[in-house]
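So that we are looking at the same thing, I have put the structure below in structure tokens.
Just so it is clear, A, B, C and D label the chains in written order, and each chain counts residues from 1 on its own.
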């Protein structure tokens, strides 16, 4: 083999602590290396051209690029060598940036390490063979998991482009957190007024199949051809028959049911439609609240229902959807302030969370949009907002900024003043984060036009005094302790990953960070892709986000799916397992361990039984390779000989 | 013995052949016998010198055997029967095609220990065994030697003298020498310092000829002609005679037996240069026991621990 | 470098592509400084990890072997690391029996986001290896593996 | 016995040390930890020399190492030549004189099978030949044949001097050393004092007595034709060989099995071509590049082993390729007895079901 080695300086990123010239020079001593050079930016257009020229000039049969992580630019360089006529798999990368120059200052040690990594790459490349992708048809249907604003946007964009969309929503209605909001910052437009039409669109699009009150059970398959099992949870109401008339709600005797949509500030019935704009607008029986389910007697709703939609014997059922891509838009949950015992959330009825206050403000909320405090229904005269409850606080394992609280406090303070012009609003904050378009202006309006009093400091304690609350905190600007008496305290609880996010990630085989937010492929350049091909992210499941960002990501994810579906087939990664039949002993161990069922039996003419890899199903994990006793099954491009050669290059 | 003959005589019409032992070139050396006719049955012997684990032949013989509907009879000692169990577990042997004669085993003889225990070195003309005593006859007369004195190492730690998975057990059950797993020889190695252990194995393995007798005698070494240790693609070992390559071969053997070895000790018995290679596998068996409470070959329905996983496992 | 380390010490890392290789990248992106002993071999999944790689690496004188994959339950291939952890734990317990120092082998789980954890893992393991010094391997007397010959090709 | 020397038991170590000054001296010896494990080792003072015990493995490896470097190669990078490198070969070797001391007659005689193959004919093997020319065999007259031994059946015997340069004859208090060849005489000259007449007489008695003993029944030297007749009798071979495990033990302990394989073991730009023991009992031995194996199972492989030793080799070189040491029988994990197989060859009329 004739090998060319290209050592990237990456400006000074690599050359700063690695002698790239020396690395290239040393590479000429390695077997089969006939050309080696270093270059300022190998990934740049001229850098790639340099590789292509060298391939022609030196008749190279394989290329090693020593540069950044292959997770970054391996596809770039594969395309580059392919353009020059090489098979794209006759290419290896040595990661001398993330794994060398960026993590050590010792130039000599770095240079030696870079040389060895290049040597390993060369030895691996010497054992590469050209691989050819096979094409599998793409099933041009997309699954969107989560019907919040991000999921709705993604579903609508895909549907508008003509795709079949399957939308799965865990709750009874789509709309997500946004549906609970009264107004949105910084425009103060009505949340349900702008979201409502989109929700209706979802219901009306013929090419959107909505599975509400449903959860993803399992996901199998791979990009282009996923099989998703969805559990449709029992609602005890036949939604095909239910017209959403609401008669059942009127007659239901269980009227003390906690209203979860209203964040437990009000009561509802056991059979219910969560809110007037719900999509689908269908009733569901909350089993633990239903008189029939708890006592065995009642059946009022069944009797009253004009369409006979109520079925107490309904069970969960499973539907299977075949899709080619998946958009995950499972959103977020809000921090439970219980760990802040000193704030008394849960103990004092008038210490509430931001989302509860949102419901209080809402015209469709528990108090019909009248700002009252939960304890006695009195209008508050003084409201204190506490920022960063469950944000930027290591003590509760939430060191990150939730990004939206500063803005929603400002909004809620403004709205409170709008509702009750005489009310005094105080905000305890750490820093004000308002980097969006018109955001800072909005906060200034709260302070300057609405007279909201911002106190920079943390709240130490909240305790009752008569029927009022005393908020004790520090004013770090004045350097003094302050106490503010309030009728209502709103804790601006932060954003955390959605309940069940990790379990779903495991089903989807995508990664998540330590807080349960899903990992994008690259924090800057691949913000909506995951490392699992065909699975994309939208909205706050990836990290705290406000509405515009969530919507933008929803559209971005849709665009990714549309780009994927613009082709009829997808090239499968040929780095899959292959069987050397003469060495296979037919023990079947590979079949039993393969997580994808990608290996089957094949009977040869002599009657012997051999393992056979379904190349389009194989995902290239190599578990079979490690399991096979005679090593008859080898993962292409990660063969035993290649790994051993890398090892031998280091030590023997 | 007479029971064994009589039992097989009576059944022989339903059997394709019987695998057992017969007297070899001297009475001290019973050798595996493939008895294909009723007359052949008279050659069958069974005594503590019948060392070979006959389960090693089963995968091959079943593969080659014509489908006549007749079963293949095989005589198995306790430890041999565990090997059968493991082969059934892994699908190499269809249990229903076998007729397994289980022979409760008093223990087998270590030939070297026997040679040392004997006063005479004259060729042996007759051997018999009764009540724990070997009677060995040569031109110098008959010597009686207690089996316990000349027991093979593998038998000193035996917990399964009574065969499992048998169709019939011929002979009275033998009380096991051990009721709990015993790893005293492994302990002895582990009593050495790390450095001493390395030196110990380097010295022991330096004698290895790579004749692969240990591998070929192993009933669980199912790769047979495709062994990784001789493969050139992929190439894990070289043809050099150094300790490193010998070590690698034995590591391949040991790791491939991890969670599968039934501790029959054949690998060690057959080694011409006396390397205690079974210790590697005993250590593996101990790890499997500690980590997964697993004993290979005892439950034909079980899955070998490295062929499965448990998401709830903690501590590893 | 201390007296023990007459030659450059080397740790061979076997990292799964999806989590730990990404974690090592993240550590690099964050400029988390690490000792320069580690050389990473990228594998798709720790399920690819044959315990024999560990034994062979240590037998042929790798001073340390570090295997890292996705956290259990986070495997990109769903279950690869469940199999891997059984195999790796088994070999970890086996190494001392044949005279290979088990401290020279470490396996762990590091996700793509855990750059800082990766730094800690590498730093701590490197310190262990520095302390242990060069690994004599097994059967270092094997011909052809003499220092002089190896040096001319790989120095 | 014209000329002979005497070596007292007590003088053995000293004599061997003396010999070691000029040659590599290989003796049967045991490990302190494993007294039963006797094999040929290079003599060094303090080694437990065991002339009384048969060695487990033959002395074959002294002249025919388990693996030996035939040549070393280095690729020097040179981009001006089309290959990108120049190859340098180095097959320099030094050959020290060797003495094999205290082997049994069968061990020494074993090399008579090697000699015509490696030292004569169109393909003289320099590696073996150079060592062979500098090797002296001192064999011990054998008085402890066991049930596996059969030297007499292959035309040799426990006192056979053929292949030996000198003989050690156990006598009261030591050994009488009797030169067989001039090389043997030259070797013995400096180490022994001339034996007393009564010692010579005693030695002669031992020689005569041992010489009369027959080790192994019948003769296995004239069965070349019988083998050919049996070649295509699968039932015969199955009956004998079904129990064979197809390991390489018999060939590796055998003093006359000389098959080898040649491999290049390289790393990077350096490598060596080595020759190592191979065995016709291994599947790879005859595996063809196409994947076809003309000897696909142990039956064909074992048949070849018998055929080679008792038919093909005699046809070509006029002698059987077996010295009757019995190691293959003694050490076989399942006690396959080559004598029984060979003896049964002519029994054509016997039916094998």
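Rule of thumb we're sticking to: contacts are C-beta pairs under 8 Å (C-beta built on N, C-alpha and C of every residue); 3 or more make two chains touch, one makes a residue touch a chain.
Because the structure is a prediction, the values reported are computed rather than measured.
Ranked by separation of Cα centres from subunit C, the top chain is D. Set side by side, B-D and A-B show the greater C-beta contact count at B-D. Between the Cα centres of subunit B and subunit D there is a gap of 30 Å.
The distance from the centre of subunit A to the centre of subunit B, each centre being the mean of the chain's C-alpha atoms, comes to 55 Å. The distance from the centre of subunit B to the centre of subunit C, with each centre set as the mean of the Cα atoms, comes to 36 Å. Each chain gets one centre point, the mean of its Cα atoms, and the points for subunit A and subunit D are 72 Å apart. Counting only residues that touch two or more partner chains, subunit B has 224, 236, 240, 306.
Counting only residues that touch two or more partner chains, subunit D has 265, 267-269. Touching two or more other chains at once are residues 29, 593, 627, 640, 644, 648-649, 652 of subunit A.
Only residues 51-52, 55-56, 59-60, 72-73, 79, 82-83, 85-87, 89-91, 93-94, 96-101, 136-145 of subunit C touch subunit B when the two sit together in their complex.
Considering their complex, residues 580, 583-585, 587-589, 592-593, 627, 629-632, 634, 639-641, 644 of subunit A touch subunit B. Remark: subunit C residues 8, 10, 12, 17-19, 21-22, 24-25, 27-29, 31-36, 38-45, 47-50, 53, 56-57, 60-63, 70, 73-80, 83-84, 87, 111-114, 119, 145, 150, 153-154 touch subunit A in the complex. Residues of subunit A that touch subunit C in their complex: 29, 69-72, 95, 97-100, 102-106, 109-110, 112-113, 116-117, 119-120, 502, 505-506, 509, 511-514, 519, 531-532, 575, 593, 595-596, 619-623, 625-627, 635, 638, 640, 643-644, 646-652.
By the touch rule above, subunit B contacts subunit C in their complex via residues 186, 189-190, 194-202, 205-206, 236, 240, 242-248, 251-252, 254-255, 258-259, 279-280, 283-284, 287-288, 290-292, 305-306, 309-311, 313, 316.
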